[in-house]
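We call the chains A, B and C, going by the order they appear; numbering starts again at 1 in every chain.
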């Protein structure tokens, strides 16, 4: 596997312009001769489909939901960053670039991040022009809020529904292209296989979720915009259908997978409250502006929070990090909550939660002010937990939220398979080892609106491709593989459920295994244990899973089974990557690599690289390739929030 | 053509309902003011009637106009009723409305039908088959002194009030009149307008039935 | 931890061409902290273990924003709680011994795919008819070039909050999609960016809405009452105005 990041030469600030000038173009009249498949309709997929459709390419877009508008980008709450400097507080492209690189603990590629910062402003202009109702100041200008990891206000927002509004903006642009006939939309289709012909991505095999029909789709390029793999942990803030299948299938066909162990765990989520729980709900990070995090000093303290006096409370974040206090970055806050709970000081029925207390803020600013700021979040919390945060402190616990790892891509967002591109959370490119708040939306839209059109044009313009269609041998073989796999999944189901396991039971077990050993803090022993458990779990799944129904109609158990089967295989990559990286960085804390004060200790000398894993067959260990990270414009420093 | 697509569209039909409804309310208002002369005595009422009928062409034009409005309101209403019939009943095992007080809106077609029957009887009684040579002021008293005839009138006016209770608000909504600043006023008007007509029209049969109009 | 026992009467239907019927199931020891969909998960896990086919239902984000979930519970779309989607409805709303009747969103324009799963692609086609600003990527003016008052932006956002779940259609006695359509039209009509296509948009979207087989609005307000995002029928009034302006004064 050859890793050529194809970073343009020249000074950092000129790379993107140089690259666009040097990239090949496709004549407008010729564009309709090229067909592009887009998988996924989140921010990246919808914006890429719309943009390529506008340019005149023939686009075929797929999603697993009933409508492209359901993609999980819709759930993003906080906002989207852009280096507009509307607040005159000293923001600039350079600063956004630096904050993002530093926030990612110096494990991202300089050139990609700089480009992201450069186009961030265009994203806002684009969205405003589409009619996205961003929050406004009284004078009519766009409003900004501040977010973690930055000292400037550069986050644009639409109430607590920024992701929804941006996605609906991209969805409307996509709808326009569907109407114009440039994009063919295929909802309720799940990508089951990538088809590679002569070393190039030439199409996909899908399963129709309603009818079970397996179909081939041929194209000249394939764009994967299929999000992250957080659901490997079973419980996460991801949507139920979020999965790794598309990316994993691509990986098995030769695409390298970068940094699979980089998983962001968000500190403020509603805690797990029972074994039946299906997903975790995020509470916006902004709550930490006014909430104070604490646990009882005595781990056997059974009193309700209101009866625990000040002297018996441990405000551990404020005590440990006097200058940042409750506003330390996500990874630090998460790790400390885990540490308290590991010591048995957790609260609530499961002892896996800490308090987030607004009593002092209410005393200081008054009930009205606090409610105006956080009312909608408090109501959401009350709906789920049935206690009122205005009276009793909230209980929070970290939860899997975002995956910085993803398919390895070069500067063009092309994977190691020519013609296969990965956009948005699906790729690994911009966030390093930790993503800053409000940067995911920025990256998805940057890739889809502004980057991919250059890349696709350049790919088509510089290569001549042999014509192909779905009658090609590869399509037939791939279709057969998909059908075989489905019948293999269903093979245990003929003789009834007795003595069998359900899909969810295996998924929950995998989730627990990963959460305990490859979660917020990792160590060699735990990771090796998890790695050794995986084959048994896989065997148990394939030998014993019971899937009711048939493969030839809507069968949600079968859909889940296919995804869990892929998570089971993919988990090995996550664990192996975590094992390989013996340093701590960003989200990835190796307990062996800590400072004296239990902070993450990076090892730039040995680990300043992107780890790229190559699939080498079911029974073989994957190969590790390294893309060294070169920092010419910033100097990696130790993050300190004391 | 724009008009065809206008009439064909769901909103277009609603606008026709609202416009004809509004014009019918205006007619009712004029009619009610004229009839109010009854409360002043038979002399004044007769003067009003005679003055009105002193312009036969005008009466004819207005009469025909009214007929057109009625036909439009009823036919479009029937069309909408039939269109929604397929979805309206027993769609769900449990039929439940979340909105309280849906009586008026649910019974729109039926109160409308009742008003139609009333209108036919009313026009027939006071116009087409009115006793020849008898002044209208006398005929009114004769008819409305009868208990069942009056009761029918009162029930009809109640039906009208119920129809207007939803119809008036619905009309404004269809015209796009919905603003938080005025919604409170509109909510009051949905009571005031029907009650106004109920009192003014319903008062007449009561006026005669109860004997309050004996000095008429 | 409080638990309740329930009887569920759930609509089962193989596909759009088959006839459906109600099946009755009993569930014991349902934790009241569960969401409604988690309760259905428990039912499905039980059914799976009994070798029966689980109840198909649409769901995705489970935090009330994707608009994928939805069913009619005891005659009310998204169930008895106000301004929540089915995934945010919690079992503490119910009492032990309750019988819950669960039916799919029904509308002529929403064919049933299986059990509680319906096809809402009609909504997508209504948006495709004109629910956008016709601009291409790139070449847009600066975001601050056109000031928009904070109040206007908020009003537009009120309408834009629609999640496209279809509860408005399911609850409307006439199966009308006016609240959905009006939300998109209002969002764009209020903003300066939506002005150039304003007249055309209302006509095109209403035409598509009618063509999909949605009913007409008789101002019953049911949609507003069940809307999980609290979208007001004031938007329908605005749609009516937009439509009138478009068809009476459009070019």
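A few remarks follow.
Keep in mind that, in the parts below, contacts are C-beta pairs under 8 Å (C-beta built on N, C-alpha and C of every residue); 3 or more make two chains touch, one makes a residue touch a chain.
Computed from a predicted model, the values in this text were never measured in an experiment.
When chain pairs are compared by their number of contacting C-beta pairs, A-C comes first.
Closest to the middle of the protein, by Cα centroid, lies chain C. When every chain is reduced to the mean of its CA atoms, the largest separation from chain C belongs to B.
If you average the CA atoms of chain A and of chain C, the two centres end up 27 Å from each other.
Centre-to-centre, using mean CA coordinates, chain B is 37 Å away from chain C.
Averaging C-alpha coordinates per chain places the centre of chain A 62 Å away from that of chain B. Of all residues in chain C, those touching chain B in their complex are 9, 11, 22, 72, 74-76, 101, 103, 106-108, 171, 173-176, 203, 206-207, 209-210, 214-222, 225-226, 233-234, 236-241, 243-244, 247-248, 250. Residues 2, 5-6, 8-15, 80, 83-84, 86-88, 91-99, 102, 105-106, 108, 166, 169-170, 173-180 of chain B are the ones touching chain C in the complex. Across the complex, chain A is touched by residues 1, 14-15, 31, 33-35, 37-38, 41-42, 44-45, 47-54, 56, 58-68, 84, 88, 90, 92, 113-114, 117, 119-121, 123-124, 127-129, 131-138, 140-144, 147-150, 152-154, 156-157, 160-161, 163-164, 187-188, 191, 193-194 of chain C.
On the side of chain A, the complex with chain C involves touching residues 47, 50-51, 54, 65-72, 74-75, 84, 86, 122, 124-143, 158-159, 161, 163-165, 168, 171-173, 175-176, 178-179, 185, 187, 210, 237, 239-241, 273-274, 276-279, 281-282, 349, 380, 383-386, 449-450, 453, 496-498, 502, 504, 546, 548-549, 553-554, 556-557.
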